[in-house]
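Just so it is clear, A, B, C, D and E label the chains in written order, and each chain counts residues from 1 on its own.
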């Protein structure tokens, strides 16, 4: 009996430390799921901005992938992790927060910088402090502010225009306009939306409105986020607290529900909240930490939008809060078993 | 006129500061370790923070109390660094006259990297101790070097490298015999031996001859042939294992020739 | 040992082997703050060299007179004096440079390189050696600053010494002449220096 | 008046952050940001000394140097005042509050050569700030320094246990991170 | 039926309990057994017989080597043919006795005597003599749990029928087939400890067992059946107490400190045999599962039977499915074997023979900081952070993060998308810290 079994085991057995089974959830699967979740946004982007969007997306993804491959291959001489799809996620996310009219070479540089300085200098996936896509965007914005702040209307021909938030910012600083408006009894939001000829439903669906490639259509973002949520890759503490903070903050500051809804639907809030704030690597671990993180992002976003030098603050607010994540994590360590705390 | 005012001002400023400070230093005097003050004399006091400590005084304190190294300081001259080391009693390792005192690490295993002597293929944390925790490591011989490089990682002097057959190799020129690798090895394979000696038994297995033969091609079986042939009577057999008494060993290499298992080797003389 | 080669060593060590910035990381603030253009960088470097040489010489001369307890305040006063002289000189002869370097000229007082060299070298060595050390360190500092400024001005302004360079001047990356660019270029250059030291071993 | 003071205060903390925007005090910023505890101690000490130095240098500048037209002694006298001040504070704390000294005192000597302290004095003079404005600017500057230092220490504690490439470990990654942090803080420019 | 309860943390590994409805089959006696003296937590037992001695079934061959130790009994009648170092399932050769079966020998007979009439001390002595240890896998000698001066603090005895390990079904079958012995064992333990409150905790993926016990214990005032929401690692002592009673055992403390004693259901059954019949622990139920075996199921097998013999007696391995991995224990906490000539010991709950597909694990990547491990950890630890400290050989900080509290349940590694060897890192840290503390004590 023994001999018979020994024959069956002639080939050496595999011995590993426990556990011997795995959930099957891998990094690559998480990243490709994020890529899948981005498809609706990409589709809307290409529908809205046609060739412009396609060029920018291809350029950033190419930049990101080339950076990932080249740095790992020539500098670290390690196995390349292109296949896990994380560079593509970064590339696409960066493209989604760039203006469609941006030259391809700048988009390419952005993708390259995002991966090189946002991720690979720290040792690759999972080690970075800041969201790589937003690092790419922030550096591009500081480097080429002109290209980064010129917007076009959706469609085949590039008619330049202003984004709702940029228009609002301009109106807010225009004192004579403000007096005219208050005399005529029109709110500033009504003025903005009338001038730009958009409605809230346009803003929600992303039709006929200028903005960066991925931020126009909120519904597409929500569909993608829903997919990620169902797959269990994102938790809603941070995004919901960020959105709520912006909404409530705008409501109290503007003292009008339209003002709040406008801020909810304008700009990259949804995209940032569901795809950047939820980035596992650069967000806190604990539930309370995530709520704090989201609130911080919301407050800074609103501050920059209302008082700052830029019309949109989602990108910077997330980067600034990213810097606080190690401290937040330190503050909210999970309660140890036996200390009576609850998770 | 202006110059006089300037000089006067600076003088008065210096005087006031000096008086206040000397008064304060009396009034608020706190005893500190005299050693720290001694060290402070030689430390640059540039307070640049380059050492990672918050200022020169903190470094001095760390040197005296926590055994930090003055080499952390980027601004200090060599002479002052030596002076501080002298205060701390860490002088350059005195060259002992006894050649046996100069030691280096020796890896006492020369197991071959063949599947024949393996129980299984190890996959997991790259650490020897971690491998031991999984079914006592992948090798049939319980004494064999695991080849995962815990000693290499432990060496602060970069004197160990992984060589052929997945065995670490010691660079005797760099080895200072600090003993970190000896502690790091879960199989107790590494020993510090005199650098001048070149004949070593490269096996630590005290299993019986029968077991050892099954598990290794070059393991010592404690047959005693080396002991019989040693002209200096420097070899003893303990627990099925030959051991060289380095004080008696004359490096003749006779045992190397007679060993039937090739467990004893004679290495090339290091350039010292 | 040959005396001449020893002195030569004092002069050259600061340029590469003991470069005050890349090797011993002293005097970081001006390294990043004033390297947005080559002109500023060289101006700053030479200013530092001037103060270094003068203070090294003085401190070396005073080294046997000053009691040990008050040596640091003495050094600071000596350095501050030369910085003030320098400040006035630049204001008089190069007002543009003075304007662009701003408070970083008076801040040379607290530049760790100067106090560090005074303490580590000048107060123990002969005046000649101290002067050579000051020149060497100053040169090393200037070189390091110019190297950083070279990349920053070229990429961030598309120019060198204010002269536009074709191709680079089309769409320069403004961030390079702002604070973040300085940090990043400096970080990369230290990494580069270390790569050289590690002989291309990037990962352990 | 109050509004402008608040403006000076917030600007000094966030927008013209001494480390990230003005690039002052980098040596301690890189040197003491290894652990959060040290960073907090250093930051508080710097803030404390900066406020005192801000007030003292204002007094010297406006009560002595300007009336006797001795402005050229600015650098020398400021650095002497700061050095003496730091030493005095150190001795006082050492005697009166040993616990505080243990927590903060060790950082005090490092502050003498912190260019942020001299920097704040020089900036105050350059901008013709009054006494209150000088103090507020110094307080804001100190808190901004504290903020940058604490953020950096949190990040570096995490980086210390990450797999950062060998050539990047230590100073290089610290500088690049500082650069990225400065980029992030650029978003606050124009605020207020 | 009571409302199901559970604990916080943990996860739901796939339920692969294919053998749950296979009745326990008693296997024939093996020709040879290898009995290790170290089959339990604590000091190894001391052999009292020598080579060539004849032994009857149930004879003591080794006595307890200390207070926290248990005796070892001959599981077959025969002759001792070997003593010395034999490969232990843990991979390290250790002392064992080999018995060759005497085919002529008669079965030992055991007489019934009602254990509940004995005094608590007598019951405890009989448990000690029977060599019963925690059969759920922890193998802590049972009598030690029952020896306490602080009985006043004790208020509850929990029978652990959670059996949360995927793939193992021995406890389940024991509960279905021997409910009376289990209840009797519980009553004996309650009598020893003078406790009036007993709980039989069963996960609700074993509804038939819950219903059976509900029916058997209908109207019983002292013993309750507590259903638990199926979750891993509910069978862990600390998690079980947290689930049943909402009491958390502080770090470094024992169940006793919160007034509870936990006993495995199979152990309870053998306590009943040991006390009522004076029958020592010589056999146990083992689940055989996996794609490579011909007849997966639950088997009653003599201790000391080698894994090879055991598989052979059940019908052997499939010829066409190559074996890739053999696991002794469950898939979450068991350990891989490389040698089939190691014996089944007291703690062996299952033997899993897996093929290539079952054994396959994805490749490791970098940590994503997703936090799955923290959320899954039933002990509230931060596995990802501990792992980073272990990578940097920083044992002090690993200790500061309470790595010593790790119960090695494997939840973190199971759910990690980067497939990091988290549990192995924890084990390494625990080992190194343990060694360090031993060294410090020696100083």
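Heads up, the rule we're going with is that a contact is a pair of C-beta atoms (placed from the backbone, for glycine too) under 8 Å apart; a residue touches a chain by one contact, two chains touch by 3 or more.
Owing to the predicted nature of the structure, the values given are computational and were not obtained by experimental measurement.
Colleague: Give me the set of chains touching chain A intersected with the set touching chain D.
Modeller: Common contact partners of chain A and chain D, which must touch each of the two, are B, C, E.
Colleague: Busiest chain-chain interface by contact pairs, anyone?
Modeller: A-E
Colleague: Calculate how many whole Å lie between the centre of chain C and the centre of chain D, each centre taken as the average of the chain's C-alpha atoms.
Modeller: Between these chains, centre-to-centre, one finds 22 Å.
Colleague: Just give me the whole-number Å value for how far the CA centre of chain A lies from that of chain E.
Modeller: About 48 Å, centre to centre.
Colleague: So how far apart, in whole Å, are chain A and chain C when each is placed at the average of its C-alpha atoms?
Modeller: 41
Colleague: Using mean CA coordinates as chain centres, what's the gap between chain C and chain E in Å?
Modeller: So the centre of chain C lies 69 Å away from the centre of chain E.
Colleague: Touching two or more other chains, which residues of chain E qualify?
Modeller: 335-338, 366, 421, 424, 427
Colleague: Can you pull out the residues of chain C that are in contact with at least two other chains?
Modeller: Residues 25-26, 77, 112, 115, 175, 178, 180, 184, 202-203 of chain C touch two or more partner chains.
Colleague: Which chain A residues reach two or more other chains?
Modeller: Within chain A, residues 12-17, 75-76, 117, 123-124, 127, 139, 142 contact more than one other chain.
Colleague: What residues of chain E sit close enough to touch chain D in their complex?
Modeller: By the definition above, chain E touches chain D via 366, 385, 388-389, 391-392, 394.
Colleague: Across the complex, what residues on chain D touch chain B?
Modeller: Those in contact with chain B are residues 27-28, 30-32, 34, 38, 41-42, 64, 68-70, 72-73, 76-77, 80-81, 84, 87-88, 91-92, 94-96, 98, 106-113.
Colleague: Which residues, counting only chain A, touch chain D once they are in their complex?
Modeller: So the residues of chain A in touch with chain D come to 75-76, 117-118, 121-124, 127, 129-130, 135, 138-139, 142, 300, 303-304, 307-310, 313, 315-317, 319-320, 322-327, 329-330.
Colleague: Applying the document's contact rule, which stretches of chain D touch chain C when the two form their complex?
Modeller: Counting only chain D, the residues touching chain C are 20-27, 30, 72-76, 79-80, 83, 112-115, 118-119, 122-123, 126, 165-168, 171-176, 178-180, 182-183, 186.
Colleague: In the complex, go through chain B and note every residue touching chain E.
Modeller: Touching chain E: residues 119-120, 124-125, 127, 129-130, 133-137, 142, 153 of chain B.
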